[in-house]
C-alpha cells in the first residue's frame, strides 16, 4: 500500500466519446425540435424551404443572435441583464448622432460600441463591486438608458445614415453570403469555442456554478462579473450598429421588449437562469427555434390572435421535451 | 453528565425584542425611504399632502398592491409568475363578457376569479408536477392567456358594465374610506399575518428556503407549489375585477407589462428572487414607494424624457440603501 | 424468549443511477428496539440504502416492509407518516432560518386558544423546545435565534440531530451523525442514541468510527460495493473479536 | 540545530460577527515543514481562524505574517498566490461539474502548441491528472466524468482533498479532511499528509479524532471559545502522555 | 389679462414615441403665441391605467386644461372625473364622445381607414391590376387601430370587391420585427401586391422590400410622417404615407382649450343653456405624401 500505487482501473472512464450524454444534451434536443419544426414547415408551406425565406429568417434574427451571445455569458455566470434592449437603442442613436456630426463610419461604430462599454461598466460595477441585485440594477439601467435615448434623439427618428454604411449590412462580400450572416456565424463560433475551451472564458461557468466555490478557488470573482456585463453590453451595442446599418435609421423605440424575447430564447436553448449551465450554441439554436416558429405562423397566415396561443404552447413544449427526456436524471 | 442536564444558559436568547434586527429589517428601510420621499415631496409640491392626492395615489396603486401580494407568495416559495398581467386582463374580459351575457354581479365576479383559478392550476401543474422552469412556463402562459383575451374580446374594448358594479369600487361604505382602500388594506393585513403566523402559509417560506430540505422535512412540496400559483392567479384575477369596476371597461391590453413593474416593487420591498426571503408588508411598502416616486415626478412636472432617468436611479438607490446598511452582514 | 419482531425488512433492494449500479440486491432488517450500525467504505451505498427506506429514493427492485406490512414510499412525507425520521448526511437544513424553524420545519406547533382556530404558530414554545433539544448535546451555540448558515459544522449537525430525535416515533435513521462533532459532543450523541433505545425506538446509525459503533450498537451490517457483506452481533465496547471481524470485512 | 523558521505567524487575531465574538485574540504559529493539528470543541473558532489565514475572512484585529512578511489578504485569491491552499469544512465544490473541473477550477491547464496561443484548455491532461490525484486516496469513484453532486459524502471529500494537495505550494490547510471518510480512505489521507510533509510543505489539519492526530501531527494547538487553550508537542501514536494532555484540554 | 401662469398639460401613453413630436410641436407653438405654459407628459409604456392615474394626479395641481387622446373607452370616466375637479379636457387624435370633453380635434379613424382603402386600390389600378391581394401590418395591442382596419375593409367590400385583405400581421410597433414579418408575409403570400401599414412602422416595410428586391413592385401605403418613412418614399420603397395633419391637432386643441378656459366664446348664443361653445369635432384633414412633395416633410436628411 505505497502511495504511488494507483487504482485507476476502478475509476471508470468514458473512454472517449459519451454518446448517451450527447443524446440527452440540450443542444441536440433543440436541434431535433428545429428539425421537426422545419419538416413540419416544409409540409405546411411550399414557401418555407426557399432561399429567400431562409435568408429572411436568418437575417431577421441576426440582431437577437448577437444579443443572445452576450446574455448567455451573463446568465451562465449567474447574473441577468435586462438592459440589453436599451443598449441596442442607445448605440443606434449614438451612431446616428455621430453621422449627423459628420464623423466617419469607423468612428461612428466605435462611438456606438463605447456606449455599450459605458453601460456594461455601470451594470458590472453596481452588481459586482457594490453587490446589488442584478435584476433590479439592470431594470434600473434599462429605464435610465432608454431615457437617455429619448433625450439624445429628442424623440425624433434619425435617418441621415451614409449609404456606404447601409451597404455594409446589406451586402454580401464573401461567397455571396450576406455579411450579416457571416458576422453572426463568426461570432457564434468564436464565443462558443471560447466558452468551451478558453481558460479565461471558462471561468464564467465556474462563477455561475457556485460563486462561493469560485471565490475560494481563487477566481477574481468581482472582476470577472464586471467583464461579463461589459461583454454583454458591447455585444448589444454591436446589435445597435447592425440595426442602424440594416434599417438606415435610428428609432428611439427600437428593441423595446427585446430583453425578454432573447432571454426566453436563451433559456429554451438550455441556459439555466440560476447560472452554471448553458452554451452559446444552445442559445443560438434557441433563437433559431423561436424564429422558425414565428416564421411558420406568419407564412401560414395564422390569425394574429392565435399566434400568441401557438407560440406560448411551443415555448412550453420546448421545456417540456427537456423535462420528459431527462426525467429522473435531474430532479 | 446525565442526559437531562441542560445548559440552556449557554444558548443566548434574544430576551424578548431584537431592536437591532428590526432596525436593519428591509421593511423598516423601505418605510424610512417612504418617509424621506414623502417629506421631500411635501417640500417640493404643495399638492402632495392633500387628501385628494393621497387618495389618488392609494387608489391608483390598489391593483398592483393586490397583484403584489400573490407575487410575494410565489417569489417567497422560490418561483416566479410572469402571467399575472395577462390574468388581470383575462379576468376583466371574462367579467365584461359575463355582463354582456346579462349575468348578475356576483356571478360575473365569480367567473372572473374562476379564470384566475384556471390559469393558476395550469401554471402550478406544469411547474410543480411536470417540473418545468417557472420563468418559461409563466412566460408561455402569459402569451397564451393574453391571446385568449384578444380572442375573447375580439380586440375591442368592452364597456357595458352596470353602474352598480362601478359604484362598488368607487364608493366608500366604511367610515368614508374608499372601498378599494379598505379591500387592499384588509388583504394585506390578512396575508401578512397568515404568512407570518399561520402554520400552513408559513410552509411557503420553508419551500423557498430550500426545496430539498422542505421535501425531506415531509412537506408536500408539489401540492404547496401548485397552491402558491393558484393563490397568486386568483389575486391577479381579483385585480381584474377591480380594474373593471374602477374603469368601467375591459380593455384587452390592460395591465400589459404590469408583471415586471410589480415584481420590481416586490423586490424593492425586500423579497428575494431566489426565494425564502420576503414579507407581504414589505411588498406592499415597495409598491407604495414606487407609486410615491411616480407621484412626485408627475406632480413636479419632470420632463417625460427625464422621468425614466429619475425612476431608474431611485430604483438603484433603493437596493443600494439595503446593500450599504447591511454591508458585511450578508455577503 | 421469543424472537424479536422486525420493524423494518428490506429484501432484494436494487437501485441504479443511469449506468451506475449502486445497490445490487441488498437485504436489510431492523429489529424492534435495536441500535443497528451500518458500515462500509465510501461509496458502498449506505446512504443510498437508507434513502430508499426514508422515501427519498424509490428502489428499482425489491420490497420494503414496515412492521410486517409491505409499503412503498413515494416521498419522505409518507415515510415520516410511518414514524421514520432521518438525518441525512448532507443535513439538508434551511440555511436562512433559525434553529427553532429548522427543528420544527413542516410540523410547526400551533398555539392554544384563539391561535388554534387561526392556525397560528406558537413561536415561543417552539424556541424553548428547540433550545432544550440542542442543549442535550452539550453543544455551544451562541444565539439560538441566528440563521443556521452562520453555524459551525458541528453546530449544524447538532441541529439536524435535534430535529430527528424530536420527531422519530418508530425508527430514527442517522447518517454519520457524529462526523463533524468534537469528543465531548460525540459522547452526548452516543448517550442520546441510548436514550432513544430506552424510549423503545429503533435506531439505524451509519458511522465510520468502529470504536463508537462498538459503544452504542448491538448489531452491525457491513456493506461493500452495493451489496451486503455480512452481519456481526456486538457485545459492548470490549468485544475485541467482533471489532476485528468488522475491520476484516471493511478491508 | 537552529530554531525552525515560522512559515505562518498570526498574532492577536480577533474576529466578531455582529454581537458574537468568535476569536478573542488568538496567537498562532506554523513552522516550516511541520504538520500541525488544530483541535477544539465545536464552535471553538477553528474554522474561523483558518479562514482568516486563507483570506476568506478579514480579521478585525491582529497581524498575519507569511515567511516573516506582514500580509493582509483581501480575498482567497491573494492567499493562494502566497502558496496557501485550503480545503474548507463545507468543501465548496462545484456541484454541476465533474472531478477534473473541480480539481482544476480557476487554474485550468492550458494545452501546448496552438492551444497555448488560443488559451485553450487541455481536458485530457486535466482528466488524467485528476484521476491520478483521487486514486491516491483509494476512493471508489464509479465515473470520473460525472457531476460531483451525485457523489457520496466521502467521494466529495476526496475530490476536495485532491484539489488542495495538487495546488498547495507552501501551506496546505485541511479543515476536517477525514470527517466523512471510511477506515481505509482515512488511512490513505493520513499517508497523503505525510507525503506533503516529505515534499517540504507545511500542513495545518483540523481533526476531532485524537488517535488520527497522534498518528500524523507533530504539534497540536487546542482552542476553546475563541482563545488558544494551549499547545502540545506530539511524539508519535504511542505518546500517551500528550494524548491525555490533549484530552484534558478538550474537556 | 395676464395668462402667463396658465398651464396646459398634454398627457399621452408611450410618451417617448416620435408620433407625438408634431402634435407636441403644434401645441407648443400655440402656447408660445398665446403666452401660456405648455407641458408634455405621460408614461413611457402603452398602459391605460398608468395614463389615467397620471392624469388624475396632475389634475390636483389644477392646470388650466388637459389635452389628451382617448385611446380607450374607459378614458371617458377619467375625463369626467378630472372635469369634475375643475380641469376641462380637450381631446385630440382619438375621441371620447360620451365624455364631457370640451372638443375633439382629430381625424375620423374609420375614414382614415377608408382612405387607405381608396389609396391602395388607386395605386394597384395604376399598375394595371384589376384585382389584388393586400396585406396589413398593425400592432394588436393598439386596439384603437382596429377602427382603421374596419374602415379599410369596408371600403374594399363596398367599392372594390376585387381587392381583398389576405393577411394581417402583428409588428409589435417595432421596425425590426416589421421587417421580418413583412418579408415572411410576402414570401408566404407571393400574390400580395399591396401593403398597408396601419401604424408607424413604414421603415421596417421599406427595409423588407429593399432586402427582397421588390421595391416598387409591391405598393405600400404607410402611416405617419417621420424622416425614415419620408426617405423611404424618396427611395421608392414606399409609395405614399398618410399624413393626418397632427401638427394642427396639437395647435388647435390647445388654442380651443385656451378660448374655453378664458371664456372668450361665452358670447355664443345658448352658451348659458348648455350649448357647446366649441365645435364638438374638428377634422384637421389628412393628405398623402408622395415622392413629389416628400422633401417638404423632411426634418433632417436622408443618406
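In this document, chain identifiers A, B, C, D and E correspond to the written order of the chains, with residue numbering beginning at 1 in each.
By our rule, a residue touches a chain if its C-beta (ideal position, glycine included) is under 8 Å from a C-beta of that chain, and two chains touch if they have at least 3 such contacts.
All figures in this text were calculated on a predicted structure; none of them were measured in a lab.
Farthest from chain D, judged by the mean position of CA atoms in each chain, is E.
One copy, chain C, sits rotated relative to the other, chain D; on C-alpha atoms the angle is 180 degrees to the nearest 5.
Relative to the C-alpha centre of chain A, the farthest chain centre belongs to C.
One simple way to say how far apart two chains are is to compare their mean CA positions; for chain A and chain E this gives 35 Å. Separating the centre of chain B from that of chain C, both taken as means of CA atoms, is a distance of 41 Å.
Among the residues of chain D, those touching two or more other chains are numbered 19, 140-143. Residue positions of chain E touching 2 or more other chains: 16, 44, 140. Each of the following residues of chain A touches two or more other chains: 146, 150, 155, 304-305, 307. Against chain D, the residues of chain C that register as touching in their complex are 17, 19-20, 40-44, 47-48, 89-90, 139-143, 146, 150-155, 158, 176, 179-186, 208-210, 225, 247, 250-251. Those residues of chain A that touch chain E in the complex are listed here as 45, 47, 50, 52-53, 56-57, 59-61, 63, 100, 146, 149-150, 155-163, 165-166, 170, 243, 246-249, 251-257, 291, 294-295, 298-301, 303-305, 307. Those residues of chain B that touch chain C in the shared complex are 1, 3, 6-8, 10-14, 18, 197-200, 202-203, 205-206, 209-210, 212-221, 276-277. The touching residues of chain E, counted against chain A in their complex, run 14, 16-18, 20-21, 44, 140, 166-170, 172-176, 179-181, 183-185, 187-190, 203-204, 207, 210-212, 226-228, 231, 299-303. On the chain A side of its complex with chain B, the touching residues are 126, 130-133, 135-137, 139-144, 146-148, 150-151, 155, 260, 264, 267-268, 273-274, 304-309, 311-313, 315-316, 318-320, 323, 331.
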